[in-house]
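Some structures to go through are shown next.
Next come two complexes built around chain A: one with chain B, the other with chain C.
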Partner chain A sequence: MNAHANRVLILTATLFAAVALHAAEPSGTEIMQAVYDRPQGKDVQGTLTMTLVDSKGKERVRSLRQVTGTFASGEKKLMVFLGPADVRGTSFMNWSYEEAGRSDDQWIYLPALKRVKRISSEGRGDSFMGSDFTYDDLGDRHPSEDEHRVTGSESIAGEDCWIVESVPRDPKDLYSRTVTWVSKKTMVGVKREYYDHRGALLKTLTISKLESISGVWVILKTEMRNVQKNTSTRIEFSEVKVNSGIPEDEFTERAMTRGL
Partner chain B sequence: MMKSRVLWTLAAVFLAAANLAGQEGAAVNGYARTKAGALLEDASLFLSETTLDLRLSYRSGDAGFFANPVLYEREGQTEEPVLREAYMDFRGESFDLRLGKQQIIWGKGDGVFITDIVSPKDLSRFLVPDFEEIRGAVTGACLDLYLGSHALELVWLPAFTPGTAPAAGSLWAPALPFPVTPTFESVVSPGFSLDNGEYFARYSFLGESFDLALMGGWFWNDTPGYTVTDKTFVPGVGITALTVRPEYYRTAAAGYAASGAMGPVILKSEGAFYGLRRYQGNPMIYPDGYAEKYSLQYMAGADASAAGFTFGIQFIQDLILDHDPDLVDPELKTTMTFVATRTFLRDTLTAEVFTYMGLDPLNALVKPKVTWDATDALEFFLGAYLFLGDEGDFGRYDSNDGVYLGAKFSF
Partner chain C sequence: MKPFYKWASRRPVAVFLVVLALVAASGILIRSRMRMETDLDEYMPRDHPAFVFSDEAEERFLIRDAILVAVEHPESIFNPDTLEKLILIEEALAGFDEIEESDIRSLHTAENILGTEDGLDVRDFYTDAPEDQAACDRIRDDVRANEMVRGRLVSSDERAALVLVDLADGEFSRDLYDKILALAEQFEGPETIHVAGRPIVEGTMAILGPKDMARMGPLVILVIAATLFVVLRSLLRTLISLSVVLVSTVWTFGLMVLLGIPVYTVTIMIPVMLIAIGVAYAIHIYNQIDYFTREHPGSTREEIAENAIDVIWNPVLFAGLTTMAGFVSLTTSQVYPVKYFGLFAAFGVLAALLLSMLLVPAGIVLFGAGTPRAKPTQSGSAAAGSGGFGARFADAILKRPKAVLGISLLVIVLAIFGITRVWINTSFLDNFERDSDIVRTDAFMNARFGGTSTLNVILEARDADAFKDPALLRLMLEIQKSVKTRDKVGDSVSIADYLARMNKVMHEDREEFDTVPESREMTAQYLLLYEMSGDPENLWKVVDNEYRSANMIVQLKSDDSRTTTNVVSFLDGYADRLAEYGVTARYAGSGYKSLVFSGLILQGQISSLGLSVLIVFLLVSLMFHSLLLGLVGTIPVVISIAVNFGSMGLLNLPLTTSTALISSIAVGIGVDYAIHFIERYRERMKEGHAAPEAGRFAMGLTGRAVFLNAAIVIAGFLVLLFSVFPPNRQVGALVSLNMVTAFAGTVTIMFLVLRNFHTSIKEKNK
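Presenting the complex of A and B:
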């Protein structure tokens, strides 16, 4: 049974368990587990456009082609930068694993040096391409890394949501806590607040466009706003295809060097 | 005459680029860059260079073409256009075939070339330029065969392309390994013949936790050996006159390159055993002026990220086997490299320092550089190269410390 089928099974079991054991409301952990186990599609590909806005409103745009696939060994992702000109052709590949605590494998290809280089995956708290997102913000965070509790319910853009507060088990984590608004209909976190170690609000993530493609909820427009620095980053995902049958051997050194 | 030829070339390249740009599957990229450099010792300008680097590509289905013409103006003189690469390729289901002038880069090390034996190096300005500019191209055929994460690369080069050494009398001309300044005969290079082809092969694997490459080659050494053809010896004085003939010669190498993750650290290593190569020695001991010896080169290193910095360290040794004390080169040479990089201001400001350090004698080349992206297309840079020590591979250039600055527009 592959990882995708496993996740669907776990999601179903989790929701059934939630209904059976807690006829009223599921717990914070059950909600965040269901968010984590939400079907992601066997593979997803598209063009990602990232707009970085500084505190004076000046914009810089980065774009890349991204392909993600879920296989027995875990998730593999390949990103090839389309612009700006000085990074065009640069590619980045990440293999992540289901095993708890196992570090990702990552490689970068720089066309000027014509060489694929293995890089450390430990900088997960670093900014992704100078944006307001960290690598960790963009990845799937396992629910076991935090303690969760439901603090209430609220409607956002007409969507009923649970409000779940998550506190990292590791006190050295990047954030002291996050608060997520999870849609009761789609099990997607449609808004999230990130708090720094002084307890002050640091960043706010909002999702403004969500679409079901081939039965999978895909986030098409999202924005991360750093309220302390007054900067923001918008991400748009376009030309999206889900479950188009991308084989595992597409995630190789060859694909990195020749692009998508 | 030359200026006219350059202008015609420039016009032809731009016409080709403009024509390509309008076609589906075609792309025109590149950069324009200008930079100037001065020596710290006397503030003399030694570098004034403007570059136009064009990358023209066209792809139609499985077939494609790429060309990289480069135009330089140095010290006010427009130089001959350089065709850094020009090749066509065909992509099959499980193979790629590339024909023409191309760069083939091997190895896992940064700034070291132990298993990077296919493309020659341009060391006309020693190790001062960016590494991408040091690597040259070769003309031939390159076939890559793929099976999942495994790849086999086979390279055939019918024509030999030598490396580029610093010009005699330039800032970077190395000390010659002779007791007196010799008279040079014409260089003996391999003729353009199928018998003189070069052959390389590399198996590589990229996988969970580690990557591995095994390589080998039978090729012409990129730098010539010097054969003593005549010498004058005066008893009580020594050698007073010497005539040498630079000769390229065949050699072979086999080696490996590997890297793997160990927690937050990337460990990497590469090494190669080289076939007989010519090492210059005392002409009174060696009638031809050199001895042929086998040698080993190896590197072990680590990369890591912490607190926003990326760090790298490498330990490299060159060992001449069955060494004789009358050779100019030492039996064992140890070099280390250090690199640290940090970005600031949402990745618009990058600070980097790369250091080579020779351990015996202690000497170093330190290359700090700061780059500021003023816009997505335009960057400004400021850098330096500082030679420390009085002797050794780096210390011998102690009086060449310099600073440079410039701007680059990418399109």
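Presenting the complex of A and C:
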């Protein structure tokens, strides 16, 4: 049974459980597990426009083509820069593995250098392309890494949400805790707050546009705001296609050099 | 004013009561509302273009003054305990409210980007304390291979590692300073912990200077009191003279508090100044009282008091006005603490003047003339104008006009030679003893790392992405390479270094690629890669995110102005070549700001020095209704200015913010001797005496008073030589020197000129 099918099964089970438990509220762990197990689609592709806003309000825009596929070994992702012009064609590939403890493989291709380079990095806490997102913020964090607790319910933009507080089991984690507003309808986290090690609010993530494409909830507009540095990053995802059957050999070093 | 003083002198009890009431009111004000201002940024004129630019650039590139904590191990820092200690120190520092975790940089927080066969490897040098020596050796090898860290965060001899704390503006406080020093002590052994950096130096200075002055204050009072007692030979007179200056000091601070002006470091000099200067007026009044009682025995207390008021008011008023002029001339300064210092010191002098005219006569009326217990032996005859030491001295001067002129000229020539060698110093560090901890730590840091002082060279281009141009980047590398060969320049970092490092890493760490990339695209792609996998925060310290401007960091091993000025003028030499790329260079950072700041102080000093000489000349001319006498009166102060700066040049004493203040103040004080002297000489002539007799009389009577006056001021300021704070010592030595020259100039060359010119005028008029 492949990973994808596995997830769908678990999701179905969880949803049933959630419905069954409707009278008695689900636990924080159950909610976060359901979020994690939400169907992602076998593959997703689209154009990502990232707007970095510095503390003075100055904006820098980067656009890239992103393709993600889920395969037996894990998730593979290819990103090719469309702009600005001087980095056009620069591409970045990431393979992450289901296998516990195996770290990601990453490659970078610089057209000016005409060579693919493998990057080994241990920093999941690194900023994603200089934005306010870390790689960790963008990835799916396994619910078992945190202790979860439901602290209440609230309506966000007319959507009923659970408020779940998650405290990392590893005290050296990037954040001291996160608080997530999870839509009861879509099981998508629509807002999240990240707290630093002093317990002060560091960043706020909001999702302003969500669409069901081919039966998968896809986030189309999101914003991360660093309240301490007063910077923010907006990400828009457009021309999105889900489950268009992208083969695994689209995610190779050769594919990186090919560009678009 | 005279009728007022006479009216007041007949109501001595009321005078004392009113003065006391005002003292009590000032005392209450001072106790309840006085506040100290130690933030040096508050001293700078915010709207000056250089400061506006620097503040903006500091914001743009997150330029902060760093506190440097160095951990020194006798053999090598690459052992498990020392490497763990770095982490512990960071954790302790991050625990302070003033410090954010992201403000701390060290080997532990640094990332190592390595070029390998098939790619690049981005990882921490270490995350947790290494378990064994083998792990430490691996870290050592990584450091040796990384030129961004080697010699920067770890010394080249591997015996010291740095923890840098970037401090946001205004975050430095006495409390933080104490906490960091306590922390350093806590982590001592076997490693030595050194703490340095501009905030520490500024903080120590802001704490030490005023503390020292506060300690010297009572000592100055004691010495002045003792000197007064010796001079006046009466406890009552000593007490009255002392209360004049103490009351004027209290009033001055009371007024300052009433107007809501904080106490600045420089303000601390006011009490010492007022105490030493303010006693002069009382001395001259007592001098006249003694003269009058000798000449007119049996006069009533009221007559004695009224005579003193009549005779002394004019010279004392002008002596006071000229002293005030010296202080008021400081208000031309653009620097607020200096302006306030001038204004309030002038107020204090005015208060001392008025109080002398009120309290001394009131004391006479209330307690009697208080004639000295033992009369000076020669003064009786000196007063008569013949035979006394003063008279003999006067004759001696007149007999050797060529010698007096010759020596004066020699002194002036020597002084002018000295003046050409005067240099300006804005160093904070030079304010400390050579063997003080702070200086030694600084020397240690400078010996092992790039330098404790920083000059930020802000390069600005017209267009965005300018700093992706390889040609411009190559020029930057070239500038950095040559600036590093300059004296006392330790290191330099710019965006070009980051790119050279990236280029090398992307070419399997091959040395030949340790230079900027060959194309604009490659630069852009490296920068993108750095943003993706490195720490972009580092990047924004050397370039802005539009790549329109860059911050080239130059580290200096000295914070003195010679060093900074040399580097600035060297870098200015590249202006034309930078202009080819549409790039202009300007400077920023606290080191540069204090250079500009000191420039302002000195510039202000030159104008206030000129102004004070001008005002003094006009006042003296006005007093004597003669421009010629005005010129004669300014001779001693002009000589003392020359000698002041000349000695500084010859003794290699730099012009600093504190020594610069001295000269215009000294003009105001130094001219007093001439005023009293000329006044007495002229009065004697008016009474119908011949010039030689008037000369002897003035020298005998006023010469003595002026000598005592100078002796007291000098004694007061010489006390400062025992200060532990070198700037305070320099102030003490220079004021004393100025008084000596002003006094000597008055009784020698000025006397000679006065006799010659004045006689000829008188004869012409006949």
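Here is the rule we use: the second predicted complex is superposed on the first by the 251 of 260 C-alpha atoms of A that agree within 3 Å, B and C clash if a C-alpha of one lies under 4 Å from a C-alpha of the other, contacts with A are read in each partner's own complex, and residues count from 1 in each chain.
Just so we're on the same page, a contact is a pair of C-beta atoms (placed from the backbone, for glycine too) under 8 Å apart; a residue touches a chain by one contact, two chains touch by 3 or more.
The model shown is predicted, which means the values in this text are computed figures rather than measured ones.
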Once chain A from each complex is brought into register, does chain C clash with chain B or fit beside it? clash
Once the shared chain is lined up, is A:81 touching chain B (first), chain C (second), both, or neither of them? second
Once the shared chain is lined up, is A:103 touching chain B (first), chain C (second), both, or neither of them? first
So, A:200: does it touch chain B (first), chain C (second), both, or neither? neither
Under the stated touch criterion, which partner chain does A:54 make contact with: chain B (first), chain C (second), both, or neither? both
Which of chain B and chain C A:157 touches, first, second, both or neither: neither
Looking at the overlay, does A:113 come into contact with chain B only (first), chain C only (second), both, or neither? both
Using the superposition on chain A described above, determine whether A:92 touches chain B (first), chain C (second), both, or neither. second
Looking at A:249, would you say it contacts chain B, chain C, both, or neither? Reply first, second, both or neither. first
Per the contact definition in the header, classify A:72: touching chain B only (first), chain C only (second), both, or neither. neither
For chain C, which of the listed stretches 117-125, 369-377 or 729-737 runs into chain B? 117-125
For chain A, which residues belong to both interfaces, chain B and chain C? 52, 54, 60, 84, 86, 107, 112-113, 115-123, 126-127, 129-130
List the residues on chain A that touch chain C in their complex, please. 52, 54, 58, 60, 81, 84, 86-87, 90, 92, 107-108, 110-113, 115-123, 126-130, 196-197
Where on chain B is chain A touching in the complex? 29, 31, 91, 96, 103, 105, 107-108, 131-132, 135, 144, 146, 148-149, 151, 204, 206, 208-209, 211, 259-261, 263-266, 268, 303-306, 308, 310, 343, 346-348, 373, 375-377, 379, 408, 410-411
Quick one: which bits of chain A touch chain B in the complex? Just the residue numbers, please. 52, 54, 60-61, 73, 83-86, 88, 95, 97, 103, 105, 107, 112-123, 126-127, 129-131, 231, 249, 252-254, 258
Give the list of chain C residues in touch with chain A in this complex. 101, 111, 116, 118-124, 465, 468, 506, 517, 519-526, 528-529, 531-533, 535-536, 545-546
